[in-house]
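Take a look at the structure set out below.
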Amino acid sequence: MTAVDLLTFGESLVSLRSAGPLALGGALTMHLAGAESNVAIGLARLGHRAAWVGRVSDDELGEYVLRQLRAEGVRVDGVTTDPARPAGLMFLERRTADVTRVRYHRTGSAGSALSVEDVRTPIAEGARVLHLTGITPALSGSARDAATWAAEAASRSGTLVCLDVNYRARLWTREAARATLTPLTAYASLVIASADELDLVDEPGADESTVVARLLTRGVRTVLVKLGADGARAHTRQGVRHVAAVPVTAVDTVGAGDAFSAGYLSGHLDGLDLDGRLRRAVTVGAFAVAGHGDWEGLPRRAELSLLDGHETGSTIR
Amino acid sequence: MTAVDLLTFGESLVSLRSAGPLALGGALTMHLAGAESNVAIGLARLGHRAAWVGRVSDDELGEYVLRQLRAEGVRVDGVTTDPARPAGLMFLERRTADVTRVRYHRTGSAGSALSVEDVRTPIAEGARVLHLTGITPALSGSARDAATWAAEAASRSGTLVCLDVNYRARLWTREAARATLTPLTAYASLVIASADELDLVDEPGADESTVVARLLTRGVRTVLVKLGADGARAHTRQGVRHVAAVPVTAVDTVGAGDAFSAGYLSGHLDGLDLDGRLRRAVTVGAFAVAGHGDWEGLPRRAELSLLDGHETGSTIR
Amino acid sequence: MTAVDLLTFGESLVSLRSAGPLALGGALTMHLAGAESNVAIGLARLGHRAAWVGRVSDDELGEYVLRQLRAEGVRVDGVTTDPARPAGLMFLERRTADVTRVRYHRTGSAGSALSVEDVRTPIAEGARVLHLTGITPALSGSARDAATWAAEAASRSGTLVCLDVNYRARLWTREAARATLTPLTAYASLVIASADELDLVDEPGADESTVVARLLTRGVRTVLVKLGADGARAHTRQGVRHVAAVPVTAVDTVGAGDAFSAGYLSGHLDGLDLDGRLRRAVTVGAFAVAGHGDWEGLPRRAELSLLDGHETGSTIR
Amino acid sequence: MTAVDLLTFGESLVSLRSAGPLALGGALTMHLAGAESNVAIGLARLGHRAAWVGRVSDDELGEYVLRQLRAEGVRVDGVTTDPARPAGLMFLERRTADVTRVRYHRTGSAGSALSVEDVRTPIAEGARVLHLTGITPALSGSARDAATWAAEAASRSGTLVCLDVNYRARLWTREAARATLTPLTAYASLVIASADELDLVDEPGADESTVVARLLTRGVRTVLVKLGADGARAHTRQGVRHVAAVPVTAVDTVGAGDAFSAGYLSGHLDGLDLDGRLRRAVTVGAFAVAGHGDWEGLPRRAELSLLDGHETGSTIR
Amino acid sequence: MTAVDLLTFGESLVSLRSAGPLALGGALTMHLAGAESNVAIGLARLGHRAAWVGRVSDDELGEYVLRQLRAEGVRVDGVTTDPARPAGLMFLERRTADVTRVRYHRTGSAGSALSVEDVRTPIAEGARVLHLTGITPALSGSARDAATWAAEAASRSGTLVCLDVNYRARLWTREAARATLTPLTAYASLVIASADELDLVDEPGADESTVVARLLTRGVRTVLVKLGADGARAHTRQGVRHVAAVPVTAVDTVGAGDAFSAGYLSGHLDGLDLDGRLRRAVTVGAFAVAGHGDWEGLPRRAELSLLDGHETGSTIR
Amino acid sequence: MTAVDLLTFGESLVSLRSAGPLALGGALTMHLAGAESNVAIGLARLGHRAAWVGRVSDDELGEYVLRQLRAEGVRVDGVTTDPARPAGLMFLERRTADVTRVRYHRTGSAGSALSVEDVRTPIAEGARVLHLTGITPALSGSARDAATWAAEAASRSGTLVCLDVNYRARLWTREAARATLTPLTAYASLVIASADELDLVDEPGADESTVVARLLTRGVRTVLVKLGADGARAHTRQGVRHVAAVPVTAVDTVGAGDAFSAGYLSGHLDGLDLDGRLRRAVTVGAFAVAGHGDWEGLPRRAELSLLDGHETGSTIR
């Protein structure tokens, strides 16, 4: 395998979506879920060579995960099939129009058994960008080791390391997250976080300017702060830039942050300047928000301009 | 059977919901419908002992009604299975995004044959609250007698009687409703109505303050006026209090009034003060509005705080 | 309106089909049901001018019935919209793979209020064939009068009258059916019945040869005995002929008898000899049995040969 | 066939709707699509005698088109079944909440082979109104000839000719549209266009007042300019009138323009004055916008007042 | 709680059914699954007082399990809600028309943590019959202890103990099953097994007569051997009786054994003789086989004769 | 790209499946269809490196085709995206339980424009087996040239050429097929045909032994005659061998022939002897027949033994 544009690893789950209250039963639909695979799909759709690495169960659910990734053109040559552990699952329940609730069934899953051995070859084969999220080190001790090892190895070999904080309260405490993620920033050129995640790579309660200053001092080149409907801020040594969100009718915000990351990294891989990267980031994020599913609505390259100048209710024919 | 927290009776229908114009055919989904059973479910979900009494058909549709009530933990020991009459039905058609249209097929139904005999034992067994709606006396002469008899009997035995006006234009005229409901208020401690229903328990065209004054004089302790998106007002001899609605994205307003009543009565059963009762009323009402179905989205006790501080698009994970 | 090939009248219901046990709820699908409209559709699909007359409710369910009939090219100019009565309904529950259960909600329906007035004009406008079933006179006194009046009037004006016994145990007793249907045969040229329905137009327990002899004596020209998977027998004064059923994989036998009648009448309208009529009868019947729904699978004229020489699993491409 | 109220012709397609991104597969739903048949349905629902003429494929898809039109009461006696050409198709993909994308598969379709021969008899039989759209002449040379021939013939015989510009960028260029449509206005009494389509019946870039002045000079009696959520403007020699849109929750804007035209023409056929026609136009348009599908939500006559005074979330019971 | 007719305990799972190959994704439907709850439902449908005991997760999936059981009238007062463990799941994939494949996700589930404490009160409250399966002791050490303790306690207090072997190869080996189940038979009056499970309560490879002799010697009163489409054999000290299966079109054999057990126990509770019990056993089993789902098609008491004399394709109307 | 195990090319269509009569509308489901891609998927599922080459439309339907192939692990690097031509479509209608009807919309499609240029590089890169069907040369002149050129080039370079006759009456006449396919056999080592297709590679009406003798003389090594439920016969110079079909409940025979070919070729690639190849052929064919869809039910390698010893209704758990 030749070097890819983007390498990422973590756990991809089978997400079972319920259209209404889960306790009432009815139909569930199967979806692929996982912050890292969302980013890989986002880049593959835009024409970049993206690879995802992880462990999947040796059964039809594991095969489901691989089918979805292959369908999207994400390279899965480095995936390990775990002969002993089950697929990780999550239930995603649209509890009310405003509140979506997630239940994980991922303890002891194949994906959570990720270890250094699983990522050694892919890292050795090289990539222009390594994308890490704060979810992977929360899965297990071996997964944490894999994340740390990979970040260091990639950083040493000149691969750009991107860390998206992606805090999951159901997996670990803020304290545990901080203790693991802060050292990881030493290897990262790019750190992405929502505003309330920023202090997970610094002291508890540290404010945005403090955190950013410290990260930039430690060698991080860019800090992206995701602001949801308010767009995003990018901090570099040259200062701070704000980009507004692309206005769309929001139907499903799950996956919007991953789409934002994918757009930014796509812009980086295309050699765009900071403004171009940010514009692409909010554009790809807007597609995620305007469509159902975590990644299903992400744009292909020819679609990047689809939202331009179209008001609500446009029909192209 | 030991005394329950809440006793209610009336007709529960099999509601057949159409996603689009009914004349075009397609799929219908079955739901349980009925203002009284909505309230019973609302209380059962919050952990109260709630019983529903009524007549159901002796076939699979009657069994459907019982299965739904049992599933929700509502006690149905007192229900009568009618060997001769069919299930009451309604068609609920989402005619446009804004207008929902209901057609009843309930003439001669099992539920409409409710009589004093059906409610005698449950009333004798006792309850802390008896919940009546203005729909039940509109069903038939025997149902009207049952409502009047039960209100008086319950009132005499110290059970708090709650009357929700719930005017249904397809069942009777405003004049007929007024003639029946006004005397019923004599037994009620709590009267609930929307603003345009208030004069159904007073003179035609009487304004809110007049109606309230008269009701309080006649012995009603609390008058709740439901204001939809504007919340509600509670009148007592101590004065009037307003509570704002809990802001949510509204997807289905059917059942919101029943949810409001259930929340208020739950607060009463829990011994909350008036403000606490009103807060619970609008909270439970908000769940009804933010979810599809008449009662399907009502909260369990542990969910009461779910809407707090969550803006649109929240994902809990 | 010019004279039609086939005129038929009766009640068409909105059939609500459940894929599984009805008490478990879930989705129902709407279908048009009615023995007479099944026959009219069968003839219209084969290119004959067919008219259906009856009363429908003045709401979306009545409009549904009309939409389905119009879609199939059945003329509905003579239909009366009843401003006061609801649509007749039936629930059709696939209780097990072998047993289908029907529940009617048709008491007091628009369709059951059919009267002589409703059929007077269509009869006056003329038709080559009048198709009656034993269901219509079971609906109400006025419907019985309409059937009798129409049979006599049509017979007098030279229209061929076809009577399909079609006994419905949920509508009347065998005795009541016998008392009404036997006199009706006086006007009929063609009588159709299943083997166990034959004695409903004669003495209780009369055997096939006895019943047939008596009918032929009374002026009936042809008696068709439907034998299900064993085909059918046709009795005329020239003797008896048997036709085997067309072998198909049976998935839904509801409507098969109506399809058989439609096929026979189509052969009659096309001037085929008895063998030709019987072959078309079993062919159209086979389509009904091999497809889901009461009439949905009936053949268009170009499809009449579709089942010839095709074994199970054929693909035409 | 007696003369109809409205005659229209063009191509009706089988529209395959996808609920999400088409590349992901899943279920598609079949619908009838076509600007002209939308208008015919709109009028038939309001009780007018409407006829649609065109060519359909001689297979199940052509039969599907006819079934839908017949179901809606549109007369299809004049339709030609093409023995050699396939049905025209379109894929309608809800790409995001805001953007709907259409792909046509109509090259060489039965519908595009429409010619003068297909419309000769219907025009001869007469109609009070002939409705033409700018889509028909874009289908093929023979269809363009048919449109021109029919406009002239109808105009000569005193039929009111209505031309709706309806520009389709996927079928032809603005230049080609202008060259064909501008001469057609010579036969039209009524011209309907959206604001950005106006210069397709005049010089490129001509502004509204210029275009309108020229059309009125050339003999057009009324020019309707559709403004979407801003309502519409009607220009006559007496001046200009504006009508506001009826406020509804918009769920699907496809077909809104056709509904507007149908409402206006219905008002004309009913002899309403200009204000009455415009009110009906925006009312029917509002139904299209507030319901799913191109025409499925259009009102029957008794429903015209359904949106009056109903705020969001109304339930009629 | 008064003593029930039947008490049973074990693990009830949320079963996720896939209509096709699971790896292809798509829709799953939620169902309640569990041999013991199947039996409880079977008895409740026939009007017996049945109670199920077990542990469920403290979330929406646990609530789903309870809703289904309550809906069916099974008493769940004794159920424990486990605050820490997730719901047990299974995927049921219709791999081909002939082969159904099950994958369990039940390791560490709430249900598998069942212990003596969970069953102590229900056993103390008493029951006429205790139904045990060989699945429960395979779940965990504590569940095995609970099964053994309950069998002994019930047996001592005069409750009839029924043991259904129900071997699950994915949970334990035949050797482990044999070591646990053989001693359990000491407390059982009734042992139920399929032919190839018989030696799991005896020496490996022991034939039917040997096993039966030994069981009858040890105090078992009746040994039922399930033979699928060949019916069943009942061994008692009085000899052996065979009962044929009720012929039906089989659509789903899952749950047939549990239905057979429920029918037999219902006959026992009704005081039927052996032949009567066997007839009811095969009748209830036939309903399970002729309907979709593990228990959804089980008969209510009034339906027990529904399959009598109905050939394939019967319609009751 | 390294050499693959199997290379095949042709047209893959988007198949729109209707569950009932197409004229009634309703839902269609999208599927990938194409004899050659079926074979490629069959081999990829069994772990072989399989590549499919062809032209797809440059839109969401072309992307759909690619997604499905990628999902199944079929290599699509050699696929050409056609900027100008639409996707080929087919409608597959389950007309009755026994008869399935296909309508193609493939005239002028991207897939039919396949030419020598599209296959030149894949052939140059090499493959162990080249699989051709008689459908590809029926698509267009350029596709016929591509098939002939590829067969000759592959044959010359030592690639085993397999020709599956696969006659499609809707694409060409038997005479046209014979004229094209007979010369193609000169390059084939393996010829596959159903019994009634054999004379399409010989004189009209030639019998099996004559055709086989001639093919073997001309250099073909193996002739496989598919016999449906009767299995298959393999002719070589060593004589003839028959293999019985694997008995399964047939639910969908579409794709069974392609599955048979895939199984045989898999056996060849694994180096099995003739009996082993035939056993695998009928095994893979049985999976196709026992599952819904053209290829969806094909086995992965670990599933090859799944049908062994399982009678109808087996549940693996």
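Note that the chains are named A, B, C, D, E and F in the order they appear, and that numbering of residues resets to 1 at the start of each chain.
Basically, contacts are C-beta pairs under 8 Å (C-beta built on N, C-alpha and C of every residue); 3 or more make two chains touch, one makes a residue touch a chain.
Here the structure is a predicted model, which means the values were calculated and not measured.
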item: Selected pair, greater C-beta contact count between A-E and C-F; value: A-E
item: Distance from the mean Cα position of subunit D to that of subunit B, given in whole angstrom; value: 46
item: Subunit B and subunit C, separation of their C-alpha mean positions in angstrom; value: 45
item: Centre distance in Å when subunit A and subunit F are each reduced to the mean of their C-alpha atoms; value: 40
item: Residues of subunit E engaged with two or more neighbouring chains; value: 21, 24, 63, 67-68, 101, 250
item: Chain pairs in mutual contact under the definition given at the outset; value: A-B, A-D, A-E, A-F, B-C, B-D, B-E, C-D, C-E, C-F, D-F, E-F
item: Subunit A to subunit F touching residues, read off their complex; value: 63, 67-68, 70-73, 300
item: Residues of subunit D defined as touching subunit A within the complex; value: 20-21, 24, 90, 95-102, 104, 168-170, 250, 253-254
item: Of subunit A, residues touching subunit E in the complex; value: 16, 21-31, 59-61, 63-64, 67-68, 86-87, 89, 91, 93, 101, 103, 105, 107-108
item: For the subunit B and subunit A complex, residues of the former touching the latter; value: 248-251, 287, 290-293, 296-297, 303, 306-307, 310-317
